[in-house]
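Here subunit A shows up in two complexes: once beside subunit B, once beside subunit C.
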Partner chain A sequence: MNFLKSILTAKSAQKGSKETSLDTNILWEETGISDWKTGYIQTLINLERFDQEVLPFLQKNQSLSISEMFQQLPITNKKWCKNPDNQTINELILQGNIALVKRSSKDMIFVPIRKEQSLRQISVPEVEFSVIGPKEGFIEDIDTNLLLIQKRLPTSSLQIDFLEIGTRTKSKVAILYLKDVADEENVNTMKQRLSEIEYDHILDSSYLVQMIEDNKMSIFPQFIDTERPDRVVAALVEGKVAFLTNGSPHGTYGPVSLVEFFAAFDDYFLSWHIASLFRIMRIFAVIFSIFATPLYVAVITYHPELIPDDLMSTLTTSRTDIPFPPVLEALFLELTIELLREAGARLPTKVGQTIGIVGGIVIGTASVDAGLTSNVLLILVALSALASFTTPVYRMSNSIRIVRFPMIILSGIWGLLSVALGLMTILTHLLALTSLGRPYLAPIYPPRIKDWKDSFIRLPFFTQKERPKQLRVKEKEKINWWKKRDIDEFD
Partner chain B sequence: MKKSLVLLLAVVLSSCAPKEVLDDITIVKSIGFDLHPKKDHITGTILFPIFINEETFKINHLTATGETAREVALELNEMTAKPIFAGKVNTIMFSQKLAEKGILETIDTLQRDPGIGRAIFLAVTKEDAKKIMTHNFELTNTDGNYFSHMIEQNEHFSNLPRLNFHTFLYAYYHNNMDAVLPYLTLKKNAVKIKGLALFKGDKMVGTVHEQQLLTFKTLIEPTKEGSYQFATRSYRGNLEVLKSKIHYKLFQKPHHHVLLEVNVKGRLNEYTKMDAGDPKVIKSIEKNIEADLEKESMKLIRKFQRLNIDPLGIGENVRARTRAFNQKEWKRDYKDLKISVDYSVEITEAGIAQ
Partner chain C sequence: MNLTNSKYPPSVHKNARISPQLVFFLIVGSQVGVGILGFVRYIAEFVNQDSWIIVIAGGLGVHLILWMMFSMLNKHGGDLFYLHHKFFGKWLALVPSLLFIVYILVTGIVVLRTYIEAVQNWMFPGLPTWAISLFFVALTYYIVSKGFRVVTGIAYFSFVLSVWLIFSHYFPIKFGHSINLLPVLSYSFKDYFEAFKIMVLSYVGIEYLFAYYPFLHDPKKAQKWAHIGAATTTFFYLLTTISTLMYFSPKQLQRLTWPTLMEWKIVTLPFIERFEYIGITVFAIVILINLALSLWSSSRGIHRMFDIKQRTALVLLSIILFVIPVLFTNRVEVDELNNMVGKVGTYLLYGYIPLLFLISLVKKGEQK
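Our next item is the complex of A and B:
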């Protein structure tokens, strides 16, 4: 009992003491020059620069008082604190400042001589790779990422607001939007949601995406995160709001609608015919991917009359030796494919490829030979897995693969009836879903036929005269370069 | 939360729908019904494929007897390893003997089954349906689709009018129409269309000869296919029908008179003389064909009137064009109604030779 009590008192004592002590990592050193003392954390400081820039100045001007020193020290961004408390000292030193103290005074000068972290090179975006078009991808440093965007948008209307999120990680987050284009409601919603986040660690923008989604229980992503700075710029210009997080190689933007998840950014680099074809193909692939296996299960189990005469023998003979009902067969194969994908994702690239080939060919043919699955289903499952990977946004392609499983189980229970039921559930859910408060299914519902020009098809640029309606932008028209001018009108 | 719980319970507590997994059913392709010597009994024969591997499968048949179609089905079910599944039935055949006694009971059972499609084919056979179905069509009926494909292709590319279960039921339940079905017979190694079986109610009362099929087809529906063989003393030929349309004209005064105007456009496919390039010759051929067709169609209509049946749906067409149509009067007067047919034939081409 006494022991317990002592723990409790110790805890309450800890809670009660508001006075924070100085960080024990801080190294306090005498400089040996006059009576100047320094305090810093070694790992955060570029000591070489300190030795070359600050110490010689101190040496030369030994007689200066602390305030004169602050004024004359040839380093920008230094801070002068009168009798700072322990917390500010800790904070400033942890940010990479060196504290200069004169023994006689309690005031401090904080000199920012941060050690520059060597950054990862700007590399080619891996997930959203495109054959033509820019090959720059975001890296983990927010300043570089902002540079990548600002470089592409040299306009004064680009507004960048900074936030600090994460009670412990203090991650720097930048909210970006075009002042004269983006709808204020969107901007404010984004800002409010981000600033309301109370979480101790934010290590990646994915944390934030999941925390600010409109419907956090939904399986469908409500923001697009991309590793392409050009995609973020395009979104900003369209009137969307984006944010970057320090430490995350992704830019995130919203509000988005469902069809945007099936638009790859290369679509804008290709001619509009090809881009439109690809987009329609992708949407078809998604529908196929969700419904192929459930329909197979439903038809084989409950509605054999729907099978065409010519397929009858193929389907029947492919199933005769299989001991499982079609649902289990389908689930088994789907799980196998998911296992292959997961194993491939967890392993290094080279091993992953081998796993994919070995798994795909060996397990596939072996399971057919062993009479565990029918070869028709194998084709369907492989095709629908392939089709799900055509979705350009990784988050969405995952959702689509997961949605398939409840559909398969449903189709095993009530056949086509439940496939229809599942479809209705998905549709109603999508209808109810919003992204930053804007309808998720737009421009299909609510119907915005003008916005169809850049949705599941992409018409040529000269038709894209207006920004999407659902964003409620301030400046509706895009720049009117399509207006014809005579040759002598040019300067 | 509550809602999703209710939804979950709805799924979990209600059981699965009855399963009909593809490889666990006997997929019946054709059904045949015959009259059984025992009073009020019918014999049912089913054809179903047995799949051995993807390329080879054999057609098996089973026969059972009972008072109704349902009873026959039960009897048959007692003989098969897997439950009988009627969803893929594509032809149902009735023997002429049964058809003459009436097929109402059988049809009634079939039309109540939601698993049986309405686009399947019904036919009357001259011989026993069992004899035709169990005949060994070595190569032609390997997959159990021979009968249905034969009827279907004849409807689409030849002289047989579009007839199926749906049209049969439509005509059967119609006040001013009577049903017709294809009439089949067994040739040495094939089944042949012998003509049409005419129904009065659910009983077969007569036939239409196969040579009159095209005439019947042009009288019953607009069509885009068919071929007509014609002959006079000096030449013989064949007209391929490209387009045919029928118009009804009613005359109330001085007495009831129904005129059927049929426009036929066709291509001369076969002609035993070489002067078909001459427009005058073409004109005369057209005239001849018109006269032939009119004569034949009048023969058909007289026959229908004599049997007091209306397979062409003349009554329905008249009703649709008459205000205050009197059903009873029509029925009474139909036999003696003046019906005439006016064909106009146009030969648009005479083959690539000319």
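Our next item is the complex of A and C:
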């Protein structure tokens, strides 16, 4: 790794030593006004505005020197460069500035008259749709996304720091946190990791997420990315650190813990009983999804004595004519389901749905009729696939589906014993995992019972008096408005 | 090789330390092992229906030893290797420190071999010893290589995932006869003493504290939790003893190797039969923390004594932990190994630790 880095730096040093030439795409044009010349790239510039706002002013004051012109030109955010080198000129023009040059001088004025890109409309979040609650989702433009967050958080403690990442794409990245809440160590870690990235192109925030994860070999995601501005705001207020990337319709935040991946943002809009029930259901679904098929394989292959007589007869009838051992049968079915999912994901929505239904029903019934699979296993596999889709964060539901495969293979080796060891391997991995240096399994381990009120259950808002200990925030208390009254006491 | 490493108490980074409550799980996790599946038969051999008295006496003894350990560690700081260095000097400290490391590793070997025995007898008769041993050692290596925080986490999860097994005692108590527990106090002192010595094997495990003491955030507070942990272990053993004594007659009990596994046979639930399979599977998780603590403490010991990297020590010890269980081929040898460790454990707990405690009282404590 270091070797690679040293080659890269040596190369860039070489580049720097050579005099860069001016970009050939830049159009150098006479304005027709005495000594003034312009330079710009046509596709990046709103020429109409330039003609209406800048040219008339030039015409009126053509005798001014370049520094006087800079002071008087009625445009904000313009730049004046004293004898700029080619690289600066290239950079500034590529950012959408027009260069103004006077023949006698080497200095330049850069006037920002960017062409406004027509943006996608702010639309309903598709992956994290909620029935009630706000329906705004992020879009691909970072300024709009920042606006979506800032209008929800009109407070001076919201700090936004900008970074430019990607040697070629020069993607704009904004790091957001609340100055008086977020832990400095978290903020610094996030900033440091982001600024250390050296990569040529950053096209989406998911590039960055994969590059700044604590354990890059882990299949579990260590940051949450969401398309909901309200979810990012909630994370910020809690004391987390978020970042937005230009060109990506996702906000990403950390540190997060495992249970947060199973919390849908709807949970805060519904009453706490329903929300808690849904959360428990989702976690149960995950456990079911990972362990149902392996346990079936283990019990059928090695420990049929475990099953009571009545149930056993059902299982035996379904399996009498099957020529394969249960492990192969299960793997075959799981792969089929993954195949259906993948085909559905790659095709346009309507075709995808058809494929799903046709594939599911036809292949399912046909393989049972043909005696290739038992229908009990078919039910289990379909259910566990369904269960894996209840996870609200897409990245996590993928991880869960993958974890299933080694577990099935393990269950085929020594049955329950190897499943237990597999479970402990996963647990060890999760225990060692961190997100921005904070334990990933919190608040389960280290056990912080106070933080359980918003983890696999969500208790009513009046109990949520403190921010999670996990985040080491500066301001621990949320405001608590709830006052307990005595019997027959009124304000 | 640099022997001066243990001259100073170890400095442990604050991120590697654990909060005091978690000592509870470490103590319970290190004490409760595969022994709980069979210990009742061995003490009942001497005192039959009075076994529960021995269990309580053993538990009280553990509290005393635990108190001694905490007193000397609180006074002098550091760990056992530092204490040895301080009390005996650089060279003389080698002997007790090395013996301690060997002993700790052997406790791991005993647990692993005994568990393999149970698996081979009850679940997979044909499974070769080396295969199970390899599986367990590989996983233990993985756990230990992730550091002490993860070892503690495994202690926590192994407790959470297995504590529900105590409800299985409902069935033997329901079908058992309380008359089996009478009459009380009908044996000679010598019998009680013999039974007590055998009971010590089930209570060993607290001596790992000698190695992980510097990893505790607030040792004074941790001491309270350690005592609660030891009391919990005693409670588990007491429950097991009473249910076993109630369910089996004395003669029947002596014919069984694994009374607790036998009890699980009568657990009847609407959706599951042959509960002992579930029990043995859960015990894979229970012994994992025994193995992890044994490997962690012994590799830590070598790291402290010889200034070798702990990871290097861990690789060597893992290989030993994998190979030695394979060398024991039958029940008799496994029993022999258990007896031996029980004896050494007794000497360590009730001989060496009190001796060390006396020395520590004389020596001057750590300057603040």
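Definition applied: the second predicted complex is superposed on the first by the 465 of 491 C-alpha atoms of A that agree within 3 Å, B and C clash if a C-alpha of one lies under 4 Å from a C-alpha of the other, contacts with A are read in each partner's own complex, and residues count from 1 in each chain.
One rule holds for everything that comes next: a contact is a pair of C-beta atoms (placed from the backbone, for glycine too) under 8 Å apart; a residue touches a chain by one contact, two chains touch by 3 or more.
Note that the coordinates shown come from a computational prediction; the quantities given were computed from them, not determined experimentally.
**Q** Output check: A:362 vs subunit B and subunit C. Expected answer is one of first, second, both, neither. What do you get?
**A** Touch partners of A:362: none, neither subunit B nor subunit C.
**Q** On the A-aligned overlay, A:432 touches which partner chain: subunit B = first, subunit C = second, or both, or neither?
**A** In the superposition, A:432 contacts subunit C only.
**Q** Let me test your reading of the model: by the given contact rule, A:441 touches which partner, first (subunit B), second (subunit C), both or neither?
**A** In the superposition, A:441 contacts subunit C only.
**Q** Between subunit B (first) and subunit C (second), which, if any, makes contact with A:203: first, second, both or neither?
**A** In the superposed model, A:203 contacts neither subunit B nor subunit C.
**Q** Is A:412 touching anything from subunit B or subunit C once the two structures are fitted on A? First, second, both or neither.
**A** Only subunit B; A:412 stays clear of subunit C.
**Q** Examine A:307 and indicate which partner it touches, taking first as subunit B and second as subunit C; both and neither are also allowed.
**A** both
**Q** Using the touch definition from the top, say if A:318 reaches subunit B (first), subunit C (second), both or neither.
**A** first
**Q** For A:326, select first, second, both or neither according to whether it touches subunit B, subunit C, the two together, or no partner.
**A** In the superposed model, A:326 contacts subunit B only, not subunit C.
**Q** Which subunit A residues contact subunit B in one complex and subunit C in the other?
**A** 302-303, 305, 307, 414-415, 417
**Q** Write out the stretch or stretches of subunit A touching subunit C in their complex.
**A** Interface residues on subunit A, with respect to subunit C: 302-303, 305-308, 311, 414-421, 423-425, 427-428, 431-432, 441, 445-447.
**Q** Could you pull out which subunit A residues touch subunit B in their complex?
**A** Residues 300-305, 307, 309, 312-320, 322, 325-326, 410, 412-415, 417.
**Q** Could you pull out which subunit B residues touch subunit A in their complex?
**A** Residues 11, 16-17, 19-23, 25, 27, 49, 51-55, 57, 85, 87-88, 90, 115, 117, 143, 145 of subunit B touch subunit A in their complex.
**Q** Where on subunit C does subunit A make contact in their complex?
**A** Residues of subunit C touching subunit A: 18-19, 21-22, 119, 123-124, 127, 132, 135-136, 139, 142-143, 146-147, 149-150, 153-154, 156-157, 270-274, 277-278, 280-282, 284-285, 288.
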